[in-house]
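Common to both upcoming complexes is chain A, partnered first by chain B, then by chain C.
Coming up: the complex of A and B.
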């Protein structure tokens, strides 16, 4: 596989070591969190080994298996909050955190909202597709998502019939899912829509009905040999522009909005060489020069999901899923309900006065270990050490392990108005809240 | 039976709560005392038998429920238990058991216009040191509680010697239930308690449910002389009998019309649980009278809510005037049942919830056919939003077999998906003769109700006065616990989703099952006997 330019493997040097701070950075970018067990698992590993560890993940443990086993019960409840909450618990217990992260990534990419889909089962099925194919071939993922009932309902595929083509799906396929604006014509959209005619939902599944399909000749992106939807998908996924589109999307996510321009072509080449496989592309990207460039650190705004996952997984806190789902929704990221077909705006848009207040409330609720999130005080269980200074030290060690120099710690200590009075629970709550509300806790 | 106390061994503890200030008039003033409530227990086996397998066991089991409590509540319970144990120098449970096994007398005394209520407690104890120890523990507990409520507390035994020794006026129940181990009485007449309750009851019912359940009963109760009670226990369980003298006579005419059953309905035999029943409730309510007369015992907001409800319901009844054309022709006795049901192996249910049914008599033949269409219209109303939400569309399936007309909601489930929980509540309707039944266990319900209506019993009498039952409730803790076990996965899921970590959710679900099983067989009857109102509560041990 060609990994040149910005995609060349990061080789640590004395001036740019692959130290704790570098590992914490790559873990945050890839999977939002860095619990002690993950830092231990990647100790003494090279950048490539860390990338491989992330891509390979681990088998589900008993807690994750218990969550997965509740699938039928959740579907039987047929309740949006319960479904979203259960998906949250899947994200938080996944022993393959990168796979879970990619579920969120694809949920944003193929933004589908339950307010229109109106079926918890179909949304869960779409998440299952994200989980199963999200780190595999993009072509396979695209085909599964496109023919799933959630997407068929979301982009009105059911009304896309011979002689009365509905262009919604074809337009978003080009613009948001595969090529990007300016890389197709209106004629391409109309012709592709005809190629996708015939799909409908039958007994809760996507079903292709020959009788409703437009069998006439079609011309898409300059090619005449197009008959059905999968021909369009093959054509798009083989194109150079599509590779650039996916590369740009991955760079924006794992490097940041200000990634170097040349990195797009470098990553697009990797993606093509990997036959469109996301896992192989990410393995190169996460070990590459561009991700490890010190200038890339702390350039992204933590999304509400990233903020919640960072705290919960890093500290090992267990929260009730429904209140958690509602808290993250208040912060501006309601799972199963992206604002529109283009997903969440992200970055600075995450931080408005309203969503900031929601972050404060979330941190306060977690800190004070009270209803509605906690029946018992979890902070006290996961923080070692007694006494105001040791507790503050322990919290910093967990949340900001990269702050290893005295200067950095003093800086954090000065900013975090730690509680020195009250019981241990009260002290921990106060210190925790002031730490996670520091400006640097909202960037990664 | 009156209890003779060995005075030298009795511990008397007077507690005054909520004085205006710490410098208020001392207890020794000559302000008149008035005993507004009293309780006399012959002690012995009563307390242990009545409480051992329920309240005491629950207290012992409290740690299983702690995940449900707020931390402060849990801490307080632990503190109280610890305090009791440390002062008594004995584990808390034997201490409580020993206290309750003695003869106990308790008075609640109102004293003078400036003073609040005082509680006087007397118990027969074997030695003075033990009495002192218990008194100290109780005082401490009350002191802590008073401090928490920011009120003032005065302990004074001497000021209440008089109250403790004063004989109480003879009571009706005490002569009737001579074998009772506990007698108690609460006086409303002329007491501040009665006046306060009367003020609260005066405006009338504040919700539709309260209006239908109680109508003007609260007013009638507080206008009565008071409540008397007797608690009896034997090997089968305990029985609590409450008598509100003259409450039925004080009840307004509109409320009486609501509670009075028609002649045919009133002659039904006593309510019984059938095998598999978790709960059975039978109530006597004349809905026609309710709609016509409710304004005399409801607040204005409730009247508006009833009118809104009626206009919505009229849609289901083909726009017939419910007030004139439907309700007057309904029987006045309604029976509701909750039954445990077995899961069918071919259906991928994640939990089995109890089934329900509601049955009644329909007096007018034409109306029975109107009821036939209610389910059809409800299905038509539900269809559109369900279709819009992508949910399984419901249709009504009707058939007639063995003279029973039956129709039910059915919906197609997508192949391979678990059956949504809501399907377990989908209603059905059945009719035979003059009986109709709504619910999801209508198959045998309507036939059974029709059969039981034929089993007329001679009406019971007490002291020559006829006993007329207004409400009856039967509950089986054992069957309820089994039903909870069937729905365990769903209970754990709900606890986990909203409140608790996995292990705690499992623990709480088990504790709830255990607690419900301990409730045993419960029967509650609300009757009127002559001018009085009687409530009888039985808790039988299920074997």
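Coming up: the complex of A and C.
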């Protein structure tokens, strides 16, 4: 595996140690949260060992198995909110947090909205594909997603027929899923659309119908040996530009919007050497110089999902999933309903007056007793210590373990202190709310 | 949670601080400063003498221009649209073109000289991607690869600098559209006014003020803030400020104001614009125009929704005395292909038409009817660059120099 340039392994030094702050950073970037148990599991590990721990994950525990066992009951309801809430439960109980995080990543990448798909089962099937193939070969993932009923419906595959190609899927395939704008021509879109003719949905599954397929010659990206959609996917996935495109997406996600330009080619090389396998690519990336560069820290805006997962998993709070789903939707990230096929705009676009007030409300709701979100166990039982100072200290230890210097902690406390009066629960709620409304709680 | 979180990691943490000292430090700092000054956003906006407002209506998905403004006199129309051509119930607005049967109100506004139809509007080298073309329409830029700034967001920045506390707002949309993205002012995007409130939990009334002040305090600049800190703080500050403004507005209105439908969003827009809270630009969106298949079934109802919304907006603004000072512009990211496809739908096209609505503008149909034969890769050619209209709206309506909003095109003359 060539891991050169920005992808070379981060070797800690005296001046750049792999300390708690560094570990917290990589956990936040990779899986949003850093509960004490994860910090303990990665204690004394090298950067590569942490990356391997993330990529390998752990087997479902009893809690996760209980959530997964609800599948049939949830699908029987065929209710959008219940389905989204159940997916939230999966994300929050996953013992392979990186796999769960990649489900969200692919949901953003292959952004499909239930308002058009109109089938909870098909959306769940797509999430299952994200879960099962999301850390495997991108080529396999792409093929499964493309031929799943959710995507076929979402991008009008059913009206893409011989003699009258519908370009919707072919265009987004090039533009948003694999190559990026400017790397194909309008002619390529038209021709590729013909290669995908024949796909339709039969009894809830993707089905290729030979009779509806356009068997004529097609020329895509300069190649004449294209017959079916399959050939287009192979052609794209083998291309240099595709590797760069995926590398850029991963860098934007795990390093931030301002990643070094040269890192794209370095990561593209890793991706190609890994035969397009996401797990092997991420294992290199997460242990690499570019992810561990101190300049990469705190450069991203926490998405609503990242914000919620950070708080809930780090503190070990359990909340009712339906209100949680609605709360995250109010913050601007409605699961199963991305704004369009390009996914969520992300970064600064998360920050508006309306979504900020939703963040305030979420933080407030988590702290108060009479709310439907009301966490079990409540905040009070997740936080050790009694008395304003110990409670504050315990909260800071959990949420901002990287704040290790006196100055930093004084600053956090000074900005955070709410009321010191009232019962322990009222106090904790106030302190918690003010801590998670600090600007630094909204970047990672 | 883990019982060891408190101390076992202490050695790893380097300097471990003494809790008592830290808290003492915290408490020694002024926690809840008692308003030495009223922050800018708390001050009442200066009562504007009916400032000029703009309502932008985005038809998302690519509205089929040809079936919206039907070239009824062109024999090619029926040929291009064997199943989708509309023959009955059209509303002629001049000898060449008619509005779709669902656009009764808009046609009446034409008859009353309160509406203009601009034919063949687009930009050179059209892009058929929704996102790219929408980016171009909302940023006014074809030369920026991934635009982050919108024409009316930049205009809102200018108005904000001149003292408007809430110059622009998107209603019925939960995410700020690119068109309203500016460099400094963060435009709220709301689906209900009620949604836009500050929730402080079960706080006793005496504490509520203190909590609000504590929140405000956390938006004050700190030494060492970087650009992202400043952005987050500014967003928070403006969120609290606009929440206070809209709280006053919602309190005056039964129901508090929701925008569950496009028409409701139009009604809310009228409410906001007649309430003198300083909003100058309202962005509305009607989605679903991406009619690749079965177009006839969906296009008519969508246009009917648009028509109802425009009617409501106009009537409410008229009653509130603000119609005279409002201009409405309706656009879509592109029109659709001239030839229909086999799914009885139409694929992404190029040029489209724009509606400009208001009292006292140059009403009527402007421009030549685009040819259905002389096409650009199967699509209508544009004859008029939309940025000329932007330049005019900025310059002679919003009083914002077009260049400040990134618009270089010479202004058109449709408003006066």
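Rule of thumb we're sticking to: the second predicted complex is superposed on the first by the 439 of 444 C-alpha atoms of A that agree within 3 Å, B and C clash if a C-alpha of one lies under 4 Å from a C-alpha of the other, contacts with A are read in each partner's own complex, and residues count from 1 in each chain.
We adopt the following convention: contacts are C-beta pairs under 8 Å (C-beta built on N, C-alpha and C of every residue); 3 or more make two chains touch, one makes a residue touch a chain.
Not measured: the values here are computed from a predicted model.
Engineer: Return fit or clash for chain B versus chain C, each positioned on chain A through the superposition.
Structural biologist: Aligned through their shared chain, the two binders fit side by side on chain A.
Engineer: Of the two partner chains, chain B (first) and chain C (second), which one does A:82 touch, if any: first, second, both, or neither?
Structural biologist: Touch status of A:82: first partner only.
Engineer: By the touch definition at the top of the document, which applies to A:134: first (chain B), second (chain C), both, or neither?
Structural biologist: neither
Engineer: For A:204, is the partner it touches chain B (first), chain C (second), both, or none of the two (neither)?
Structural biologist: First partner only.
Engineer: Which angle, to the nearest 10 degrees, do you get at the Cα centre of chain A between the Cα centres of chain B and chain C?
Structural biologist: It is 80 degrees after superposition, to the nearest 10.
Engineer: Would you sort A:97 into first (chain B), second (chain C), both or neither based on which partner it touches?
Structural biologist: Neither: A:97 stays clear of chain B and chain C.
Engineer: Output check: A:148 vs chain B and chain C. Expected answer is one of first, second, both, neither. What do you get?
Structural biologist: In the superposed model, A:148 contacts neither chain B nor chain C.
Engineer: Which chain, chain B or chain C, ends up touching more residues of chain A in the combined arrangement?
Structural biologist: Tallying touched residues of chain A, the top partner is C.
Engineer: For A:118, is the partner it touches chain B (first), chain C (second), both, or none of the two (neither)?
Structural biologist: In the superposed model, A:118 contacts chain B only, not chain C.
Engineer: Just to confirm the value: shortest Cα separation between chain B and chain C in the superposed three-chain model, in whole Å.
Structural biologist: 11
Engineer: Please identify the positions on chain A that touch both chain B and chain C, taking each partner from its own complex.
Structural biologist: 370
Engineer: Applying the document's contact rule, which stretches of chain A touch chain B when the two form their complex?
Structural biologist: The touching residues are 63, 66, 70, 72-78, 82, 85-86, 117-119, 121-122, 153, 203-205, 318, 320-323, 370-371, 375-377.
Engineer: Quick check on the complex: what are the chain B residues that touch chain A?
Structural biologist: Those in contact with chain A are residues 67-68, 70-71, 348-351, 388-391, 414-422, 489-490, 493, 496-502, 504.
Engineer: Provide the residue numbers of chain A that touch chain C in the complex, in ascending order.
Structural biologist: 19-20, 35-37, 39-40, 43, 156, 158-159, 161, 163-164, 166-168, 171, 175, 181, 186, 298-299, 301, 315-316, 330, 332, 334, 339-342, 345, 348-349, 351-358, 360-361, 364-365, 367-370, 382-385, 388-390, 392-394, 397-398, 401, 404-406, 409-411, 413-420, 429-430, 433-434, 437-440, 442-443
Engineer: Help me check something: in the complex, which residues belonging to chain C touch chain A?
Structural biologist: 1-6, 9, 12-17, 19-23, 25-27, 29, 31, 128-132, 148, 174-176, 181, 186-190, 195-202, 207, 210-211, 214-215, 217-218, 222, 225, 228-229, 231-233, 235-236, 238-239, 242-243, 292-293, 341-343, 345, 347-348, 377
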